[in-house]
Amino acid sequence: MIRLVPRRQRSRAMVWGAPLLAVALTLITGGLTFAIMGKPMGAALFTFFVQPLTSVYGVSELIVKASPLVLIGIGLSLGFRANVWNIGAEGQYTFGAILGGGIAIFFHDSTSPFLLPAMLIAGAVGGMAWAAIPAFLRTRFNANEILVSLMLTYVAVLLLSYLVHGPWRDPDGYNFPESRLFPEAGTMPVLIEGTRVHMGVFFALIAVGVALLLGKGLTGFKLKLVGLAPEAARFAGFSETRIIWFALLAGGGLAGLAGVIEVAGPIGQLIPTISPGYGFTAIIVAFLGRLHPVGVLLAGLVMALTYLGGETAQIEIGVPAAVTGLFQGFLLFYLLACDVLIRYRVHILIGKAAR
Amino acid sequence: MSGFEHLTPLILTVITASTPLLFAAAGELVTERSGVLNLGVEGLMVTGALAAFAGTYVSGSAIIGVLCGALAGVLMALVFAALTLSLLANQVATGLALTIFGLGLTSLLGSGFIGVTVENLPKLYIPGLSEIPVLGPIVFGQDAMVYLSFACVGGIGWVLARTRVGLILRAVGASHDSAHALGYPVIRIRYMATMFGGAMGGIAGSYLSLVYTPMWAENLTAGRGWIALALVVFSTWRPGRLVVGAYLFGAITVIQLHAQGLGVAVPSQFLSMTPYLVTIMVLVVISRDRLKIQLNAPACLGRSFHPAQ
Amino acid sequence: MLRSTLKTLALAAIGGAMLSVSAQAEPTKVGFIYVGPISDHGWSFRHDVGRLAIEKELGDKVKTSYVESVSEGPDAERVISQLASSGHKLIFTTSFGYMNPTLKVAKRFPGVKFEHATGYKQAANVATYSARFYEGRYVIGAIAGKMTKSNVIGYVGAYPIPEVVRGINAFLLGARSVNPKVSVKVVWVNSWYDPGKEADAAKALIDQGVDVLAQHTDSPAPLQVAEQRGIVGFGQASDNIAFAPKAQLTAIIDNWDKYYVERAKAVIDGSWKKGDVWGGLKSTMVSMAPYTNLPADVKAMAQKVEADIIAGKVHPFAGPIKDQSGALKAKAGETLDDGTLLGMNWYVEGVEGKLPQ
């Protein structure tokens, strides 16, 4: 019989100890899985969790993969704190990419230094506009944002599909579904030669910083209060409507920014598939990071590592891609479960004591 | 072209498209009514789909297959419940993790079932009745699971509205503190509701791999779990509206394909958008009465409960 | 002390590794990147069959590895690059969306050879290859033309891209070559792979009166529907007779084995050159599954059409070809050139509906 006894205070030791315990448990479970599959346990774990980090290129790719997750995760964590359920970051990401990418396609001859800034702004605005729909429908018509934001994701993806299959096709591209390549002035500058680390990384870090500041300020308090005690918030004179708008626009804006950064950075054009599920993965990242900016940053890096590790394991030891999903599942389950140790002490009662 | 003889097959297709959504959404509705938000419906469904297919393939019996599917859904839901209810893990993240886990697990375990086939579920046939034009095949010519889906929704509606069990379940979802204070075992009730949702999700998956497209393939659900989740919100947590939502979504999905076949000159991507857009529009219309929704929405949805809090 | 010991050990290890290299030739590493899971029983599965053919044919002279389910977005470049940097000398990138990532990585790894499927951009170390599936589609079109009674044939399409449009056109031209009254109805599902939706599309087409079904999506679901509803259809990418023992008339099989083995050999013996291979029935890159469930005369006709294409006596896109507006696209005696085929974005006369532009 296991009983959870609340701690008076959040355990500081467990804030760091819980994730370490989770990683240890994942390694044990993962090792066993590999053993069952007939792969050398130690080597397999090394390939999955360490090898991607043993080269400069590997680390650079980790950063590239993590930055959209962090950027979107930060925006979502603001909303989730206020209990605003934006499940449609994927759609906001896509619409941001459409709007920002559209500018690059429209001004494809441009060499102007203002092209990229204009695209980034358009991307953020696009994301906000897409998130404004659930915000408006929620505040004006009381329509639940889970449904609206989720459904709009499919709409945005189909819209992108229409554009790249139709009007925005590369005129020299034999009618294949892809836009022109963006002009030089419309691509994210690469920061480290020989890698794909681009300026977008800064945006992710800035977002973490701003979110930290917000969290300490009044807005952070308002968000939290609306989330935890809507009545009290109303009593204190905070407008729920404004908080909903803020939460969705912040989430949408950052998702849209992430979208345009991806198409102007690693991808370099509009294509039918611009996201390997970043918008959904970022939801996990937000909660895994306990909705705290630094936590989100770390969670983003951990998630990114599992993807890279999965690919490395496929190449080096020939395990199927499904193992990545399985491992992510284990890791997330353990991380989420171990969080209980921060606020509770676990008492294991045996036999008669169990009552 | 009197229209009617075309209507019957159209409706039959809609029923097939809507039934898995209805099963999964009905299960999730019960889970959510108890205050638990399980975003892992996709994971439940895909696991159920594989288990049902494998069960049928091995045993040769679709009934055993569906039971396997339901059982697999329950096991997945138990993982979710243990994490979120016993260990108080965050429900949203755990649900999403459940989906990732389910998709990975099934693609790993299912590789041996690629490219093999099983018998389709038999359809009901009542001599005389099933031959009535238009209505006959629709009302008296379905497979058992279609009838089961309606029975489930009816049963859930009745239990929630008319029975003590339903009352307790709703109380737990509305305010776990009060329910606890009244002496109800909040955690145990939520466990049951979550497992029920798991079983229904598993059955929904079974319908996919045994009836809709009788085969196993990786990611067979292709996002239907997400639609089911949205439909629960759409229904404003009322079983009756769930039927409307599932059939509306299924119908528009099928009708847009028909429109394409008839040569409607709209790019197919826009036609494909219609089920999502119409669902939003209808939701807006039915959500305008704020009071009515709040009566049904479980106030504790997604919140962890610990008795000593 | 410790340090110097480590150094000695490291040197010894390196020396040992080098010795083993000289003792026996290191196997050439060949890498693959797939857009779907290898269990898709379709596109990616067939590429993986090609990979296994290399292993079987060249034994310990090669070592192959693959990464499956790689999304065509930002992930592709990383995976290709990882394959290149981990010692793979030949890399097959097996989806159109990998085109630009392949070129980007190829620039950074001039010593590695790349083979990109279905694209049109080459470089010094990037070759392209694709299959003339339309030849197979012409054959199944001819079969459909003979088998249909309603003279309306259904076609489930994934996305309106040239590859699929070309297939639809070849299919219709094949059908009209034996039955001028045939028309084709197309439904797009906007997905390569969604069994449920593919099945719904197939049902919609059957409900609208088609009695033969063709598909250009990846799952066997449409064919299964054909079986259930008692009409006939064709398998896609793999032989899907198991899913439709009564309905499958034949299947167009993607067959990369020969090409993959050749290219791997070329890298090993140093004769690899960039190029653009577009193989059809003749090269066996496209092959037909056994003709089943057909009357003897139709079967004989299908075999003859197939043989004539192989012999060069029949070209699917031989004129006269008119588009939907009736404009002549190829005069009698002409055939459409490969450039036109590659970018095909118009329907030939006889296809119903409008192609979204």
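Before moving on, here are some points about what is shown:
Each chain gets a letter, A, B and C, in the order it is written, and its residues are counted from 1.
In the analysis below, a contact is a pair of C-beta atoms (placed from the backbone, for glycine too) under 8 Å apart; a residue touches a chain by one contact, two chains touch by 3 or more.
What you are looking at is a predicted structure, and each value in this text was computed from that prediction instead of being measured.
More contacting C-beta pairs link the chains of A-B than the other of the two pairs A-B and B-C. Greatest centre-to-centre distance from subunit B is found for C, with centres as Cα means. Put simply, the C-alpha centre of subunit A and that of subunit C have 34 angstrom between them.
A separation of 27 Å divides the Cα centre of subunit A from that of subunit B.
For the pair subunit B and subunit C, the distance between mean C-alpha positions equals 36 Å.
Multi-chain contact residues, meaning those touching two or more other chains, occur in subunit C at positions 37, 160, 190, 356.
In subunit A, the residues touching two or more other chains are 158, 161-162, 165-166, 320-322.
In subunit B, the residues that touch at least two other chains are 107, 111, 218, 267, 269, 272. Subunit C makes touch with subunit B in their complex at residues 37, 39-41, 154, 160, 185-191, 193-201, 203-208, 219-221, 224, 228, 238, 242-243, 352-354, 356.
The touching residues of subunit C, when paired with subunit A in their complex, are 31, 37-38, 65-75, 77-79, 81-83, 85-86, 96-97, 100, 108, 120, 159-162, 190, 339, 342-345, 356-357.
On subunit B, the positions that touch subunit A within their shared complex are 39, 79, 83, 86-90, 92-94, 96-98, 100-105, 107-108, 111, 218, 226, 229-230, 233-234, 267, 269-270, 272-273, 276-277, 279-280, 283-284, 287-288, 290, 293, 302, 306, 308-309.
Against subunit B, in their complex, subunit A makes its touches with residues 2, 4-6, 80, 83, 85, 87, 137, 141-144, 146-148, 150-152, 154-155, 158-159, 161-162, 165-166, 280, 283-284, 286-288, 320-330, 332-333, 336-337, 339-340, 343-344. In the complex of the two chains, the subunit A residues touching subunit C come out as 55, 57, 61, 64-65, 158, 161-162, 165-167, 174-178, 181, 194, 196, 262, 265-269, 271-277, 307-308, 311-312, 314-316, 318, 320-322.
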